[in-house]
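Note that chain A is present in both complexes that follow, paired respectively with chain B and with chain C.
On to the complex of A and B.
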């Protein structure tokens, strides 16, 4: 760089560097897709083969993978909104459990119909999330603390409502029986190929992508996470946006709880443990920054599928659960390191 | 007194501030300030740190509300409860820490809060067209699809200005707009300011850089200690301005200079600090020639981004991924200064410019802070020794006159000036040979400044070498025995202390000042 041409002309001063940065940035941008591709290739190469068929690619196995991730996937879609605002929601797994208990209780013990049950449970979930958002913004508390408390509260409520018993769901017409249509959540459509639970996840992902990327609300979510003060001074209703994203995770967790109840035909106060960590992992692997302001829904979806495919591959090879945890941990660290590298190159915004 | 409009006094000012008072806790930041602003003028608002500039600006922009007094727009009393009300009233503010969202692109930032939406969906094409149109007004070529954190500081400034202008404001407040700009960017900014003035926009130009005032302002108001110290013409003598700013002649503020120099404590020849990773916004030292002798106070001058802080941090081995090349000698011995431990061992100490962020454990007591960097000395056999701590604390309190004289209160409860004394004392108790200071008087009042200067001179007289980086030119000129100018990581000039400001400024900005004046 010469002394005679000062900085105003950016191309000259930046010109040399970006080549490498851009490659790295692109790699991070699509890290979850790249990871998914790698895991898929690994799945094919390392898959056990039976009767000449690669088990990893068997339709049943693929259906298993996408079914297994549907619940945490639904939650991860909501979590993406929260994390882009630089927040976090730890209550999602407990809320899923509470919602599964509520769903089963309402249909079986209280005898409500399908629609009133679904509406009530999702509303309760959204309200629960909104309350956490409200407390966090109103009293300027870290979402970490508020949702950690929310986790305990939701889990406690689930235990109280269920009396720490499995609430089994039987189907039929009459008192104490759930509407048979509810059982569809555990089935597969289209020639017994696509699990219904997965379709719910896909619907969430599609709507989530549209809301995040094409609406004013989505833009505000990015703005709040990117620079809260700037957003406020520009007239963005910061508190309302924050409350809304927690309402969204609450709604998503409740939906996941309904799906859970439908898939397993019971409500349980002890399920969903650790789901918050799986969902957060999917979001982070998907390239969304925990510092807020940047992220992508497609990345989250790919992250969730990748985690599911990896777990499946390890199971197929009878690798024990401890090693699965190790592998997941390593991948999360790798994703975070990649992001940190890019941030350091770009400088500034931490 | 008004020099901008002596012939045709406009009927009514666009904005009037009458007897505004504002307190924070017990401290009065504004003690009855009057201020007027007419359409089509650039009114410079000057003042030392702590004089009340930012408080006044925050009241005008709706961030704070006044305790007493009136704001009038077109003669009508108004009161702003939040920034949006001020914006709606036609007052746009460009803050120093630019209010942009770094992770969003230029277009999204320009339209933040005013997005164009069609059928619930963002109309990105329309917003891009709008962004292009708005930027075209100001003749700067900026890629509207680029993320803001990938733009140069100057371009970010332009985006912030364009954003502020989108509401067609009648009053624009600019807070230290040139603080981070290169010389040519400053020129473009002044062009923008003049263009606005020509359109009848009234501009409040807040700065502490006296040197730029003649080029841009029509009228100057100086604040001191929460009051208007005076109003003057922009071409007033620097010495008059300084007297208004400081409240007393310069020579009383600064101690006398050193007469005898000892051995060289720090010697850099063709020294460069090579970072292993490039970082944007980071100007590594890339050609530094500099000597600090025992008993000498050396000043580092340069605009923001010239590499002042970076040089000090690299000297202090502050965990940066990089290495020194060229001649680096401390007390006559070559060293690599590769870590803070090594730097401390060599007798270096560093006083940060960010006392609340990096310098102090703000919630811990003054005493705990004072012994923080010499814990080993006060913890024989790994056990804390209250007696030794008390000894160190007592020495520091006496030497630096820290008030109140109580080691048990939280350091965050002290005034800025006393906090700064603690940051300084905390390094001095380690008995360094060479003291590196970054902006040692940022955000403290004039009285405390004078005390800090006196202490630094005493330390130098006791045989320390002192290297001070500062953005306040009068401070460097008044305090230092020698001033070294940094530009883009290189030392480009060296001046004796007490030299006239214009010569240093010319070297700092690499510009003929005369070119502007003439």
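On to the complex of A and C.
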């Protein structure tokens, strides 16, 4: 049974949809890719040119764009799983901050090596997420509430662990110094062009895409979000899947926190504020339905890159930050409206 | 981390003056050292990028306004301001974008020191002079970045403390302190400065001290609680103007006449200068923006082809009290 669970658990009316809606559905499915293409074209057309080079397309600039979104991008990959199950995770930004603080503390104050630190931090992140998933399923609480509480708890823990201080990471051998190899997260490889943080994001996105699209777990995630009751009746371990997706966002947030600590050589209890909203925006723009059951990882990645490219283009043209917020807001609304239109045309009851 | 050009330049300076220590020695080397930038000219066109830490803070908006005004006076300069929005990742990407744009000079108020250090190093490596405004990254001015211009938080708060000890409470009394975001450097420096400043008067007691994270609403809540616990508080020192505004609301709410000291001395209808002029606060101590000094330095680097600039410029504070507030409020 499980192997034939449909990837897109659409409501009952399959087969009666008029052609026009399919086009709309396709457009929505790929809205973020289309959006990214539009922003890129805009980028090329409106990019300032200096010394005969289109700045927007300069390899440096592309690297800048992807580096800037690597942390929220990693989180958005995790968030896609959660939102496909019709859930939400608001704790990710705070968890990033907690993870950056833990990473810095373990390496600098406690003197742990690289591997034990990375393992512990990612495990703590995954466990934190899993605990939220468990509380949400066990007590049938809205994930909105549980993860809102989780946000506060993670932020509080970060403040406690850091003792209200920024924890700077210095590198070297000896007590109080982090292993120099960790600094690689802030470096750029291949002739100083490709930021390592970007590579982590790309690796995360590739693995996320494979897991979501080709594994049984991925199909279960869609099934739980599409119709939880049906999924349960078909033998899908619904609670386990739900707990797992929160563990994934926890793991993703911890990874982003490690990348943050490595890129910026510090752990801070004040960082990552608002990252949950940026990540959710990327997912929604990417065409994943907040009602669950439908979504795409490639869409999320394109959504995240699009937001980054837009911010970059606006700065290159010296357009003020307020407009950037307005543009992002408008794009999110547009994405949501498109999804709602599709749902209505499909005659879905959700 | 290092710009090789810079090292070479330093070496030149060293050769000229064996006592190469600080700015004086660098000035001595200026006769033979190369200009700080490759392209400089009186009639050139230059883009200056300013990576601001967070536009949402009124003080930083004040800096932006001052910078825009100062840059406007120089027709050769185009100023671009990027808002880091209080996020080291955002600010890093903005610095990277400025490097891609090949701006002629980078001004930066780093949101935090260590995280922005690599980005500043990249700019220096790309041959872009970096003037740090108000906040520093790690390393040494003149080597890891071109120069630092800013106020001295400790000294400003020290003056506020001394003012409290000698003018507001010569006979002593209870004092409360509202601190900024606990982990941030300026919060710590202002806290220590004020405490050291009031030490001269042993009859002054700091009875309450709490962090309100620079925010007026938190300051209001915190100070209301302080007044409950210590009804005899005579003076409250707020580490910025916004918290002083919050403290005023709390004092009014409690029906207490507490002397309030702010910090930053912001202009405008909601700023500290007006509050002092109207008699709501006892004083505020300006935190200078350094905007004029920064643009002047940019002029000497980009227009006058300076080979050296002073690497550490401290802009003094101005005490705003009942005596001068009314005259300043119009400016």
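Note that in this section the second predicted complex is superposed on the first by the 332 of 350 C-alpha atoms of A that agree within 3 Å, B and C clash if a C-alpha of one lies under 4 Å from a C-alpha of the other, contacts with A are read in each partner's own complex, and residues count from 1 in each chain.
Here is the rule we use: a residue touches a chain if its C-beta (ideal position, glycine included) is under 8 Å from a C-beta of that chain, and two chains touch if they have at least 3 such contacts.
These numbers come from a predicted model, not from an experiment.
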- Message: One more residue to check, A:98. First (chain B), second (chain C), both or neither?
- Response: neither
- Go through the superposed model and pick first if A:293 touches only chain B, second if only chain C, both, or neither. first
- Item | Which of chain B and chain C A:215 touches, first, second, both or neither | first
- Message: With both complexes overlaid on chain A, does A:58 touch chain B (first), chain C (second), both or neither?
- Response: second
- Query: Regarding the shared-chain residue A:230, is it in contact with chain B (first), chain C (second), both, or neither?
  - Reply: first
- Task: Could you say whether A:168 touches chain B, chain C, both of them, or neither, answering first, second, both or neither?
- Result: second
- Shared chain A footprint, chain B vs chain C, residue numbers none
- Where on chain A does chain B make contact in their complex? 1, 3, 6-8, 10, 13-14, 17, 214-216, 218-219, 222-223, 225-227, 229-236, 289, 293-294, 344-349
- In their shared complex, chain A is touched by residues of chain B numbered 83-84, 87, 95, 98-104, 108-109, 112-115, 117, 120-122, 140, 149-152, 154-155, 163, 182-185, 188, 277-282, 487-488, 510
- Note on the structure: Residue set of chain C touching chain A in the complex reads 55, 80-83, 85-90, 92-94, 96-97, 99-102, 112-118, 181-183
- Item | Touching residues (chain side chain A, partner chain C) in the complex | 48, 50-51, 55, 58, 60-61, 64-65, 67-68, 71, 162, 164-166, 168-169, 186, 260, 263-266, 268-271, 273-274, 311-312, 315-316, 318, 320-321
